[in-house]
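Chain lettering (A, B and C) follows the sequence in which the chains are written, and residue indices restart at 1 in each chain.
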Amino acid sequence: MLASACAVSAFADTVEVVDSVGRVVQVQQPVRRIASTYGMGTYYVYALGAGDRLVAAWYVGLKSALQAPASFAVLEPRLGELLCSGDPNVEDLVARGADLVLADVAKTAAVALPLEELGVPTLVLGVETAQGVVDLTLLLGSVLGEAAAARAAALVADFYRVYGMASVAASETPTASRPRVLFLGADPLRVASGAMYQTGLIEAAGGVSVSADLAGSWNAVSLEQILVWNPDVIVIPSYGDYTAADLLSNPDWQSVHAVRLGRVAKMPRIFGTMDTPLPESLLGVVWLSALFYPERATFDAPAEATAFYSAYYGYSLTSAEAEGFLTP
Amino acid sequence: MRLEAVRASFEYRRGTPCLRRVSFAVSAGEVAFLLGANGSGKTTLLSCLAGMRRPTEGTILLDGRALETFAPRERAKQIGVVPQFYEPAWGFSVEETVALGRAPYVGLFARPGREDRLAVERALDAVGLARLRRRPTPRLSGGERQLVWIARGIAQGAKCLLLDEPAAHLDPHHEQAVFAVVRRLAAEGAAFVVASHHPGSALLYGHTVTLLREGEVLNAGTPGEAMTEASLYAVYGVDFTIVADRGGARAIVPRLADVEAAPSTSRARGMEAG
Amino acid sequence: MSPRRGTLAFLYALPFVLLFAALLVGRYGGGPGDVLRALFSADGDGILRSVVLRVRLPRAIAALLVGANLAVAGAVLQGLFRNPLVDSRIHGVRSGAAFGAALAILVSGGALAVQTSAFAFALLAVVLVLCVGWRLGAAPLVLILIGIAVSALFDSSLGLVKYVADPLSKLPSITYWLLGGLGGASWSNLVPLLVLSPLGLGFLFLIRWRLNVLTLGDDEATSLGVRVRPLRAGAIAAAALLVAASVAQAGTIGWIGLVIPHVARSWAGPDHTRLVPASAALGGAVLVALDTTARTALASEIPLGILTGLLGVPAFLFLLGGYVRQKEGIR
């Protein structure tokens, strides 16, 4: 879904934008209190440096503060009071004094109408592709003030840089010799289908997804089918309950090429998950590219991660966290 | 063999006695009828005689020994229950149904063996159902089904069979057929206790008759002795005519008159329906 | 009503024939000849041999045992309760197992923890039903009602678990598990099923004639010298053990316990001496066939619960029609 930003001027009283469903919304400036009912949108708000303006937030993959990884405590000390889950309560959002509300086109779009009546600008948003990530970044940058707009531009520039470098590195290998990659899900026998964001990341990083012709979202497969595909590389998402070591030591998986070569890796996670359409997904491309083409050394993944989190989240990775970005 | 109740009392709930100091006995070769109105305690007495319920007072004796001292299997080898008509849940064949009567002889983890199969054969012959052995029981007539339950009781090796209103759903032809078998088996040494509503049947087929009213024995003796117009009126609240000839009573017929509510039926609530 | 020897012999052989056939079929490719060569000659495909022995074989055995367990449990419960509509759901076994598995997934237990938890809660459900029921006389109707209450208890608890589960990893795992499937079967996690199935099946097989007596109803069975309460409790416990072990391995799979006994009964008759082995054979055969289809027909797995439903519903309606016609025929 495309969204376009029509900023008049950074110091104008209102900014007019078009959201993901085509609604034209006037956003009063400056925006001081943001309520993000869009689980993915929340991470964009942080990346653009507006995290301190949140008054209520839904976080994708996080239903309670108890589930948060340790890094959250540093990045967002107010997590306990900000974190919401389930269906949003319009009155509660108004009570918190939100002057901008982000809604999820797939889940919480229903709040847009009552909030409109109450005069609270609401953006109904959705993103599914890399282009969508870029567009959403620019859109939010345009409504959140000058500093945020500058951050957005920098982030988008980084995005293009990373995608460009990965593409160049991959182009040296003909498609037929590119690594064949299997992206697993929360369970080792669940795999990503062709339509999912993960497949796009794999291709951007110069790999070929073996499960690309499956439809829908997550598909269950048998071990036999995995043996038929016989991938060269296996990727485990950060939200999988198992580790690379679990697969490498499992006798039933020994016949899989990737296991024999030891090329099984689990995505690290600091803040958002790198395989979903978030700003972090550019690190996803970095990490995957390093995983697929270790000999090319196109990216220094730990360094890229450290720079990214410092620039966009104001967070310094510990050395352990940085090492988590190394790939086999 | 001899099965007797000695001053047995039973109450389902405190204060509502169903049987009051009832004494009753049946011996080998005897067909003993129990007559009484609904709620008079017939079925309760049968339950106590079968060992299914323990009298709150008094005792049940089997060959002089208290029934409760028998292990369930031992008791089952002596006393059998022939239920009233009911619709079987599954279509077991006649043979399979009669074979169930061998339960007291078959171990927990075993199946009927050769001896058991012979006993089943003998039982089927005794009631004359051998040719129907493979027929599923739902496809039998009411009278044939009653004979199957009796055959099951025989396969059990029971010396005394307790029948609860066996002719309740049978037409006269089938009723006669069933009782013909009962009489024949009694002549060969079996004992039968038959709970019934029909004084006429008691007259035709019984050796002894016991009349129950409100849980107490009103009268007992041979059919001719026990069943008089007065005693039958006391039990049923209906006038009966006893048609007699020089050889003793021959038929008992209800007389169509003003039927007033019998004292025993008005107290039927709270007691198990007899 | 008496079954022909030939039909029964065919029925008893069927699951083993299908088990062998299942080894020859799969996504990995290669025909039966390749499989036999991989298994028995030195120059066969090593990976194919590994696939057959490590993936297809444990899975087919699991399907055989789960099918047999569920079918026998269903047949026994139908006889005990004299009700053709009974299956293990009434005892809360499936609800308990589902809750146990979901709970284990929620706290990130491994596959072994999930299996153990599913099994433990399934048994807890049955123990609850039997204990409360025993106090109240263990009459069939009472047991059914208590079973419904216990099922409802675990169903709502399951709802709570799903509500708090993280939607990225835990909730999909729970949903996936509930759909039922043998995709995760391997030698390492098959041991409980391999141990418990012979125990439960063996016990029910040994007491199968006595179960006939129980179908007469409590009073008559007691008059035949049978101790009704312990026997019924024992049979329910064995059936519950089989269902718990099966659900712990394969998730919740419906219709097998309900429909297979009916089909087996129409071939083998209601006598449990033939019904129990016939249900085991038919249940095992059907589930092996369905599971082989589930893992071979498409690149992605078809959830087993969906296949059993697709087969079970029309079969049930067909049987219902025959039952109604038969009833009217008698009258």
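In this section, contacts are C-beta pairs under 8 Å (C-beta built on N, C-alpha and C of every residue); 3 or more make two chains touch, one makes a residue touch a chain.
If you're wondering where the values come from, they're calculated on a predicted model, not measured in any experiment.
Nearest to the overall CA centre, using the mean of each chain's CA atoms, is chain C. A centroid comparison over C-alpha atoms places A as the chain most distant from subunit B. Inter-chain spacing, taken between the CA centroids of subunit B and subunit C, is 44 Å. If you average the Cα atoms of subunit A and of subunit B, the two centres end up 82 Å apart. Within the complex, the subunit C residues that touch subunit B are 1-2, 79, 82, 206-210, 212-213, 215-216, 219-227, 265, 269-271, 273, 330. Only residues 26-29, 46-47, 50-51, 54-56, 59, 108, 110, 164-170, 172-173, 176, 181, 183-184, 186, 295, 299-301, 303 of subunit C touch subunit A when the two sit together in their complex. Residues 60-64, 67, 185-187, 189-191, 211, 213-214, 218-225, 227-228, 239-242, 251-252, 254-255, 273 of subunit A are the ones touching subunit C in the complex. Taken in their complex, subunit B has these residues touching subunit C: 50-52, 71-77, 79-81, 83, 89-93, 96, 100-101, 103-104, 106, 108-112, 134, 136, 138-139, 156.
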